[in-house]
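Heads up, the next two complexes both have chain A, just with different partners, chain B and then chain C.
Let's look at the complex of A and B:
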């Protein structure tokens, strides 16, 4: 993944996206939703992997922010379920995680069909441009 | 007209020979015709589910296990001790298990001695079976519709297992697996994490808090939003 955003600031701020956030941390999902809605995007939140998977399969989203470490049905389970049904590459999935994960594991996820990854914590403007960049790439 | 007895016997014998020859000549045609007759299917539709199969001996169990893993498309749930795994170590079954694209979950007693059995299986797919749950049962569930469970018997020397697609059996064992999985801890958790009942590391939580702080600071700075407006409980 390129670390330098190639998308123009004006494009970042004018793009309207339907974003699905799958994260068990309700503080983050609430604040992120507020931030992204102020940036003119629509947000849907799932606080567990099972609900998130159902929403991915039921609706079309421009981009999905997926946390990896969640109790029970985690982000890996979502990725595996999508992959087993050949749906992983049809969706723009950004892994958004605070987990201790190696570069090899991240590369492997991208190889399997995940669009990109963002490691927490990240500067909020940079996070926004990465989301737009991944969704519009 | 009255025919003498020897003449009648000669004619009868000749006719019988002719009929046998005709049968011999048309044998292949008759067999062909017999094969074309539809077979009686009985109550086949009713027996599509609730099938039970007893498997005796390592090889027949292994064939069934491999078939289940190959055919799986959704999830594979394995509950068993290291001793159970060792019986199938270095077989096609363990290779298939490691390569499966299905969602794999393994519940097993996990010791440093037996760690090599699980090499190549991501730690996120294995949870440690507590001592209190380490009974003599071992089973594998495929896609929530088939299960194979091992039967231990002191009377039978061979390994024995029972395979079934009975919904009742599968659902019962699935519930049992889910219950134990929920309470169990991942094998890569430290004992401190286990004590806290958390699946998240301390560093992980710190990074999450840092992320929350970054978003909150941004919102407060740029949009003058307060904690209350965001519903944040700090």
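Let's look at the complex of A and C:
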């Protein structure tokens, strides 16, 4: 689409970020990894909430992409666990979801300490600018 | 209305008095005292007998009828038979009356309980419908994420390399179809929510001029692609208190329709607003093919698509205008259309400047 934006892209590409992706859908994590690696970022994938929470607590990531709807230990459970240990605001968490979530619910999550959100299906440019914004915020 | 008891006592009282009185007159005027005496005693006995039998009749007829009436009153109040005992009477008709009342009552009781069951079942179906539609929407959106993701990547040569013209066209087609599918999923979900009264509305201050300018800005690129003029014709400067996203959604549907119905290169679409004391009226006007009177009546119905040779290129879901109608009504307003074939169409929608009664849950 934006063929003339190579200069801008290279600027953004110069920011090398460590990104943790937490989503149970492997096709989605694969697509996101492909995209973000093409953008010169480093991706780590967790396929469930529990594993994701452990990775958040073990290592420092520049940005965490968190899916809300996952079986058993879902995105909300991750947020609750981080909140109870006062770790929610220290992490840059971007919630991304395909669920029928209301604006109020999203605002509530931001109020609690989630950095940003994006709705699925996603515009990859928008996703990328959200990631860079969140990492540098 | 007079109670049956009173009539009985009146009739028997008067008749026993007359019998007694005739007996007394007979006694006083009788030639032979003993005959008069016997007549008097006889009359007194008859009179007393009449009164006593009235008391008896009253007890065995009016008391049970009163009791039955009381049971019926109680039944109509509670919809339940509170007294299932047989009525204490020797009169056959009253027994039959009570039996019929009891069996009728039981039928009513049963009908009511069946009805309650149905209502519960319907509520359950409603809950399931909401669950189902949000599940379907989630399940349909999920595979769209990688589809749209990869297509967008393919469209960027700096990410995935250069495509030849044919490949690029193919990728663009996939992209626009995937977007269409995404919109359709959203429309179905919105329609379902509107049907169930579950669509939520926000309230916020909206600068009308700003709102119209941002709509022009959003749609200008799409209109320009087809060489269609999209302009604002409104000096309205007020602020209203309503749901900005939903108003945008109505405008978006109306403008997309207008773009489909005007001729490229000659098309002109005008949007605007005007306010009176309590309402703001928005409009979207085009110089397109117009809508026949028959179609005007139908277009706000779900899945209605105008099927004429000029509009066959249309590929919407047929839900857009139904959603516009649902939203404006949800915001306490209304939507209507004025159109002349081959001259153009104006869609108006009018909503309160301040919320009247918005079905916002919180």
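Assume the second predicted complex is superposed on the first by the 126 of 137 C-alpha atoms of A that agree within 3 Å, B and C clash if a C-alpha of one lies under 4 Å from a C-alpha of the other, contacts with A are read in each partner's own complex, and residues count from 1 in each chain.
The criterion applied here is as follows: contacts are C-beta pairs under 8 Å (C-beta built on N, C-alpha and C of every residue); 3 or more make two chains touch, one makes a residue touch a chain.
Note that the structure is predicted; figures quoted are calculated from it, not measured.
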Q. Quick one: chain B and chain C on chain A, clash or fit?
A. clash
Q: Considering only the touch criterion stated at the top, classify A:77 as touching first (chain B), second (chain C), both, or neither.
A: first
(Q) Quick check for you: in the superposed arrangement, does A:93 touch first (chain B), second (chain C), both or neither? (A) neither
**Q.** First (chain B), second (chain C), both or neither touched by A:122
**A.** both
Q.
Just to be sure I read the superposition right, which of the two partners does A:30 touch: chain B = first, chain C = second, or both, or neither?
A. both
**Q.** Contacts of A:103 with chain B and chain C, given as first, second, both or neither
**A.** second
Q: Would you please give the residues of chain A that touch chain B in one complex and also touch chain C in the other complex?
A: 25, 27-28, 30-32, 34-35, 38, 69, 98-100, 120-125
(Q) Applying the document's contact rule, which stretches of chain A touch chain B when the two form their complex? (A) 25, 27-28, 30-32, 34-35, 38, 69, 71-72, 74, 76-77, 80-81, 83-85, 98-100, 119-125
(Q) Can you tell me which positions in chain C touch chain A when the two form their complex? (A) 134, 137-138, 141-150, 152-153, 155-160, 178, 182, 189, 200, 202, 245, 362
Q. Can you name the residues of chain A that touch chain C in the complex?
A. 1-3, 6, 9, 25, 27-28, 30-32, 34-35, 38-39, 69, 98-100, 102-104, 120-125
Q | Residues of chain B touching chain A in the complex | A | 73-74, 101-103, 122, 124-125, 182, 199-201, 203-205, 207-208, 210-216, 218-219, 223, 225, 229-233
